[in-house]
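Paired with chain B in one complex and with chain C in the other, chain A is shared by the two complexes that follow.
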Partner chain A sequence: MNMHTQPQRTPAETALIDAFGDRLSLLPGDGAVMLKRDDAIETIKHGLPTRRVESWHYTDLRRLLNTVPDFDPAAMAKAIAPIVDGSTVASILNGKSDAKVPAPEGVSFQRLSEKLIDGSAAAGLDPYGSDDAIGALNTAFVADGYFVDIADGVELEKPVELQNLQAGGQTHVRLAVRVGAGAKAVIVERQTGDGAALGSSVSQLVLGEGAEVTWLIVQEQPETATHLAQFKAHIGKNAKLTLFVMNAGGRLVRQEIMVRTTGEGADFKLRGINLLAGDTHTDVTMVLDHAVPHTTSTEVIRNVVTGKARGVFQGRINVHQYAQKTNAKMACNTLLLSDDGEFSTKPELEIFADDVICGHGATVTEIDHNHLFYLMARGVDEKSARGLLVKAFVAEVIEELDDEAIVEALEARLDDWFAAHG
Partner chain B sequence: MLEIKNLHARIVDDGTEIIRGLNLTVKAGEVAAIMGPNGSGKSTLSYILAGREDYEVTEGDILYNGQSILEMDPAERATSGIFLAFQYPMEIPGVATMEFLKVAMNEQRKARGEEPLKIPEFLKRVKEAAASLSMDMAMLKRPLNVGFSGGEKKRAEILQMKLLEPKLCVLDETDSGLDIDALKIVSDGVNALRAPDRAFLVITHYQRLLEHIVPDTVHVLYKGQVIKSGDKSLALDLEANGYAGVIGEAA
Partner chain C sequence: MPAVQDTIDRVRKIDVDQYKYGFQTEIAVDKAPKGLSEDIIRFISAKKDEPSWMLEWRLEAYRRWLTLDEPTWARVHYPKIDFQDIYFYAAPKSTPGPTSLSDVDPELLKVYEKLGIPLREQEILAGVQKTDASELEEVSDNVYKSGRVAVDAVFDSVSVVTTFKKELAQAGVIFCSISEAIREHPELVKKYLGSVVPTSDNYYATLNSAVFTDGSFVFVPKGVRCPMELSTYFRMNEKNTGQFERTLIIAEEGAYVSYLEGCTAPQRDENQLHAAVVELVALDDAEIKYSTVQNWYPGDAEGKGGIYNFVTKRGDCRGDRSKISWTQVETGSAITWKYPSCILRGDDSQGEFYSIAVSNGYQQVDSGTKMIHLGKNTSSRIISKGIAAGFSQNTYRGQVSAHRKATNARNFTNCDSLLIGDQCGAHTVPYMEAKNSTAQFEHEATTSKISEDQKFYVMQRGIPEEEAIALIVNGFVKDVIQQLPMEFAVEAQKLIGISLEGSVG
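Moving on, here comes the complex of A and B:
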C-alpha cells in the first residue's frame, strides 16, 4: 500500500484502528490467524488507498470512506427468500453464520469461525498484492462465514444461495467454496440488508478438474451502505466458471474479481451489470491471469447510469509468458442516461506470450433512436419504450446465461430495480 | 380516412426536401398502392405518416379521420389506429417478443378504454395469428426480430398488424426480400384484414405484390409528388412500360 506517510489519519482510518483494538479479544483465530490480523491492521495503519495508488485511481477510498459505523451487536438481520425457489440457503445474519445448514447430499457446510479457530483458514487470509485494502480490512476483522465443500462428481440440481445480510454496524465475512472434480453447481452470493453498514466480504472459489460452476453475485445494498467485496477463484483443468455480477445498490461499492486459470482448457466468463442510481459510487475491478496455455475467457459488462451515480470498470488481463493460445475478449458498454452521471472504463492487457488472441472494447451510448421509434410506432409511449430499451440493454447479458430459472430470477431482481428507479 | 394536402417535408439533419407538394386521399375500405422509382419519396412518406422525428413537415397537412396528426408523436398515432409495417424491421436485442406484443396490444386497449388482456386470451390470440401466418411459436420466444430472416421479419410485421388491429395500415415494401411462398402467406394475411372500415397504403416497387393484394387505386410517386393516379390497370401499364412514360407525361 502507500509507503509514504499520510499527513494525518482520516476519521474513518482512526475508527477502524480503534475498532480493531476493541474487537481483538472477540475475534476468533489461532496464533497463525491472529498474526495475519496484526499484519492486516498494520496495512490499514499505513493509510487507506488514495487515487495515487494505480488500482484505486478511480475510487479514492481514503476520500470516499468518510464514516465508519460502530459494530452493532444488537443489529437483527432476517433471512430472506432465495432468488430461485428450492435453493439450499445458508445465511449469515449480521456477520454470524448458522450452526446448522441443511445440506443436500455431497455438500458440506462448515462455519468459518471454526476454521479460524483451528487455523485451517489462515492460508486464505494472505493479501493479494501490495494494494489489497479490502483483503486487509477483511483479514483484520473477519469473524465468520462459511466453508462449503461440494464433493467430486456431485451435480447439484438446485442452486446453493449464500446470503450475507446486514442490518447496520459492521460485518466482515468470508465464503470459501471448493468444487470437486467434475462437479456442477450454481452458487448465488446474495449481498443485501437494510442498514447503513460497512461490510467487507471475501469469496474464495477453487474449481477442480472439469468442474462447472455458475456463480451469481447479487448485490442490492441500500443506498446508505458501504460494500467492499472480493471474489477470488482458481479454475482448474477443463473447468468452466461463469461469474455473473449484478450491482444494484450501495452508496460506495467496490467489487474486486481476481481469477486465475490454473489448468489447460480452463474457461472463464464474466458477465456483469451495474445499475447505478442516486449519488453513489460503484467500482468493479477485475484482474484475470491466464497462467497456463490453452485457456479462454470473455468479459461483458453492461452499465446503466442514472442520477449522479459514478461507475468504474477496470479490467486487467495478464497473459503469462507460457500461456500460449490464450483467447480473451473483453467488452464494457455503458448506457448513460443522465448528464450528471459518469462511468470510467480502464481495460488493460498485459501479454507476455506471442501466440494469443486478446481484444477489448468499450462504448458509451444513449438509447438508440431507431429502436425507440420502432417501439413507439407500435403504440408504446415514450417513457415505457425507453424503459423497455434500458432493460433490454442489460437483460441481453442475463438471457445469455441460458438457464430458465436463473434468467427468470435475475430478471425479477432487474424489474425490482426498475420499479424503484424507473 | 386519410387526406394528405399539399405536403412538403424535409430531412431535419440536412434540410433536403423529399416530399414536394404531395396530395393523396384514401377512403375507408380502400387499398391504395403507391408506386414509384427509387428515391421518389415512398419510404419517406411512410415514415412521415408514422411520425418519425428525422423528417419535418414544412407545409401542408395530413388529416386522419378529419384530424391533423402532425402534432402527434409516433405512439399517439399508433394508438389512434395508424400502423406502419417497416421495410426493414429493427432487431431489438433484449426485448422479448412476447412481452413486447403484450405491451403493444394493451396500449391499444388502453387507448380504447378497455381492460388489459388476460394472459390466456393474449396467448390464444398470438397463437392463432402466428398459425395463420405459418409462424413457429418458438420464433416468438426470441428477442424482437433478432436472428429472424428477412422473410420472418416481414411475417412478424404482419403478425403485429393482425394483433393490433389498426385502421390505417401502411405497408412499406412488404414484398422485398420475400420468396414466392412467403409472399403468398403475407398477402393472404393482409387480404384477410381487408375490411370496410380499414384502409391500406401499399408501397411497392413492383407489380408482383399487387397480383396478390389487388389495389383499388394506384398512385405514382415521383420527386415527392403524386404525378398520376388510376386503378389497378395503371400498375400493369407501369410493369409493361416502366416509369419513363408516366414521368414524361407529367413533365
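Moving on, here comes the complex of A and C:
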C-alpha cells in the first residue's frame, strides 16, 4: 500500500476528457456556468476515484468504469407510462427535456437548459468536494433537466413523475425541485432505458417549512448501462421527507444520497431496496447531516444479492456539535443468496453532540432455515418457499409507505423483477 | 440521554493531568546517533549481536519503507513526524545481558517498583495470598492458579530482565527477549518472524521491521499449557527516543498461553513515537489470550506532548480449532492507531476482540479490529466500548470479512460509545464484507444496551432507576473485564468503574 505511483490515464478518463472538448460548444450555459464546467473537468483530469479514496472504498470507479460510449444524437428514447395512473409526467428523452409539460395548479416546470443559459442554475452546480466524482461529471456535461416549483401550501393529489429515459450514448441531467412551505407532494424519479449508456443524474430538493414529500427513485436500467446518480436534499423546519430508493438494474450503479436537516423538527426517512442480479455492481452511499437540534431520521436498507452481483451500502450519519437531541437510527440487512455474490457495508456514525440517541445495525445472512422449514412443512415446495421469504423480506419496506397506489405500483415493479430473476 | 455525574467524575479522575507515571529517571544510557539510515540499522543489528540474515531482513524492510507514504486514512491529526530527529536506539548502560536481578541498575528496579511491577520473584511470592510453606508446594504443583506472573521488562530499546525463566523452561516454554531469541533460537524466529505481519505490511510495521530493538518472544510447545501468566512492561524513558518493540508469540498444537502487556512513559513536552509490531501464531487447537493495558503518557491538558502509538498487532489462527483473543484497555497515548486483528485461517478457528478505549484531553483514538474469515466454520466476536471526554476524538474502526471459501463464517459485533461533554467526538466506522452466502454477520452499535424490560425487571424489585441502570451496565461491561487475567482486571476495573448508560453508538 501507499506506493508512489503516477497513474496513467485510463481509456475511460481519456474518453471523458476528449468528449468534453468535443461537446463544449454544444453545452448550454452563461459565463458562470461554463467556468464551473471547466473546474469540474479539472477534477476528472486528476483521475477518477479509486478505492484509496475512502468514500469510494468499495466502488473503484477508475477500475470499474471501463467503457465510455460516445454521445449519440440519433438515440431515440420513448416516454413510458407512469407507475401510478394519472400522474403528471415530465420526461427527459435521451438527455432532452420537453418544452411543455401540462402542469397542475400551483406547480411549474422550467427546462433546466434555459436556466443554464441564463445562469440562474449556476449556484447549484458546485460539486461537494474533491471526491465528488459524480457531481463533477454532471456539472461538466449537464445539458438539460427540469426545475420544478411546487408553490406554498399546494397539496398534490397525484404524483409528479420525472422520467429520465435513455437509449444509448451519454446523458447528463439534473432535476431541481423546490417544495414550498406546507406543500405536500409525491415525486417519482424514474431512471430507465435500454442500450449501453453512461448517464449521470443529479436531483436537488429543497423542502420549505412544514412541507411533506415522498420521493421515490425507481432505477431499472438495463444490465449494460452505467448509472451514476446523486440525490441532495435540504429539509427545513418541521418538514418531512421520505425517500424511497429501488435499484433493480444497471451494470454499474452508484446512487449517492446527501441529506441535511436545516430546520428544527425536520424528519428524514430513507427506505431502500436493492435487487441485485447478474454480473453487476450497485453502490448506495448516504451522507446524512444532522445540522440543527431536535431532528430525527431512520434509514432501512434491504438488499437481495443473487448471481455474481456485488452490492455496497455506505451510510454515514454526522451529528454536528450543536445538533443536540438528535435521534437517528439506521439498519442495513442483506440476504446473500449466491456464493458468487458479495455485499459490503459500512455504516458510520460521526457524533459531536452528547445528548443524542443514535444507533445502527447491519446484518448479512442467508435465508433462515427455520423459516424455510416452517413453510416447507406446510407443503410449499422449496423454490416457492424461498421466493416467498425473499419477497417478504423486501416487501416489508414497501408496505411501510402509506400511499396505497404507490405500494401497489412498487409491488408490481418487484413482481417484474422476481419474474425476470426468480 | 447525557452522562450522569458519577460517570463524569470517574472519567475526570483518569484525566490526562492526573497521569501518575509521568516521572522520569536519570539513567546512564547508550544511544545510537539521531536519525535513520542504513548505518543506524547496521549499528542496531551489531549492538544486538545479530546474525547476518537478520541484518539483511532489516535492510530489506528499510529499503521498502523508503518507498512508502505515511497512511492518512485514520481519523487522527498530527504534525509530520521527522524521522531524522528521533533516537532509534537507547539502552540503559549497565545491561550487556544481565544474568540476574542483582546485575540490574538499582535505579531501573526503582522505576519498575514505582510502576508497581514486581520484578523480584520473592515479592511476587509474598504477594501470593499469604500462603504458608505447605500451601506453597501445592501452589507450585498448580502454578497456573497461583497468580504468579513472569515478567519481561523493556526499558527504552532493550529488555532489561525476564523473570521466572527457569521455571518456564521446565515446562518447555521459551520466554525471553526477542534479541535473545534471535541468538538462541534462530530456527524458530526465522520460521515465524514476519509470517503474520510481513515486512511490507504497512508504513509503521515496515519501519518497525527495519529498526525494532527489542520485545518479547514466547514459544509454547505442543500440548503445553503455559504454567503462569506471561507479561511485558514497556517503559519509554529517554528523551526524543522512539520505541520499536517486536513481540512474537507462538503456540504449537494444543498449547495455551495468556500474555499481558502494560506500558507507561514520562511526561514530556515533545511527542514520542511508539511503533510496535505484535505477531501471534496459533497452530491446531492452540489458544492465545493477549491482554493490553495501554497507559502511555497522553499529553498534558493543552494537548502538548504525549506518545504517538502506531501499532500493528495481528494474530494468525493458522491451525484448525485454534483461538486468539485480544483484550485491550486503552487510556493513554496522545494518538492511538491500533487494530489488533485475527486471521481465521484454520477451520473452526475463533477470534475475539474486547476493547475499552477511554480518551480525554486532546487524545485521539482510532482503534478497532479486523476479523478476516478464511477457513470454514470460523467465528468471531467484537465488543468495543469507547468513552470520549474533554476535547478528544474516539473512533472505532473495524473490518469483518468472509472470503469465498469461508463457509459458515459467523460474526457478532457490538460497539457502544459514550460522549461526555460537547467538545469531543465519537465515531464508528465498521466495514463488513461478505463474499459467501453462508456467512452470518451481525453488527450493532446502539444507544443503550439497556432494554426497558431489563430496567423494569430490576426496578420493580424496588431498586431506583439510576441504580438499576448502573447494575445492568456493570453486568454488561463485565463481559469485557472478565476477559482480562486477574492481575489486570483490578487495574482495568478502576478505569472502567464507569457506567455506560446514555452511550451513543
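Side notes on the structure shown:
Here, the second predicted complex is superposed on the first by the 416 of 422 C-alpha atoms of A that agree within 3 Å, B and C clash if a C-alpha of one lies under 4 Å from a C-alpha of the other, contacts with A are read in each partner's own complex, and residues count from 1 in each chain.
We take it that a residue touches a chain if its C-beta (ideal position, glycine included) is under 8 Å from a C-beta of that chain, and two chains touch if they have at least 3 such contacts.
Quantities reported herein were computed from a predicted structural model and do not represent experimental measurements.
In the three-chain model built by superposing on chain A, chain B and chain C fit together without any clash. With both structures placed on the common chain, the touch criterion links A:F393 to chain B but leaves chain C unconnected.
On the chain A superposition, the C-alpha centres give an angle at chain A of 80° between chain B and chain C, rounded to a multiple of 10.
Look at A:S384: by the touch rule set out above, it reaches chain B but stays clear of chain C.
When the two complexes are overlaid on their common chain A, residue A:L375 makes contact with chain B while staying clear of chain C.
By the touch criterion defined above, A:E342 lies against chain C but remains apart from chain B after alignment on the C-alpha atoms of chain A. Here chain B and chain C are compared by how many residues of chain A each touches, and C touches more.
Per the superposed model, the minimal spacing between any CA atom of chain B and any CA atom of chain C is 15 Å.
Residues 1-3, 67-71, 73, 202-203, 404, 417, 419-447, 504-505 of chain C touch chain A in their complex. By the touch criterion given at the top, residues 1-4, 54, 57-58, 321-322, 324, 334, 336-339, 341-366 of chain A touch chain C in their complex. Residues 369-371, 373-382, 384-385, 388-389, 391-396, 399 of chain A touch chain B in their complex. Interface residues of chain B facing chain A in the complex, by the touch rule stated above, are 50-53, 73-75, 77-79, 83-84, 86, 89-90, 92-96, 100, 103-104, 107-108, 111, 143, 160, 164.
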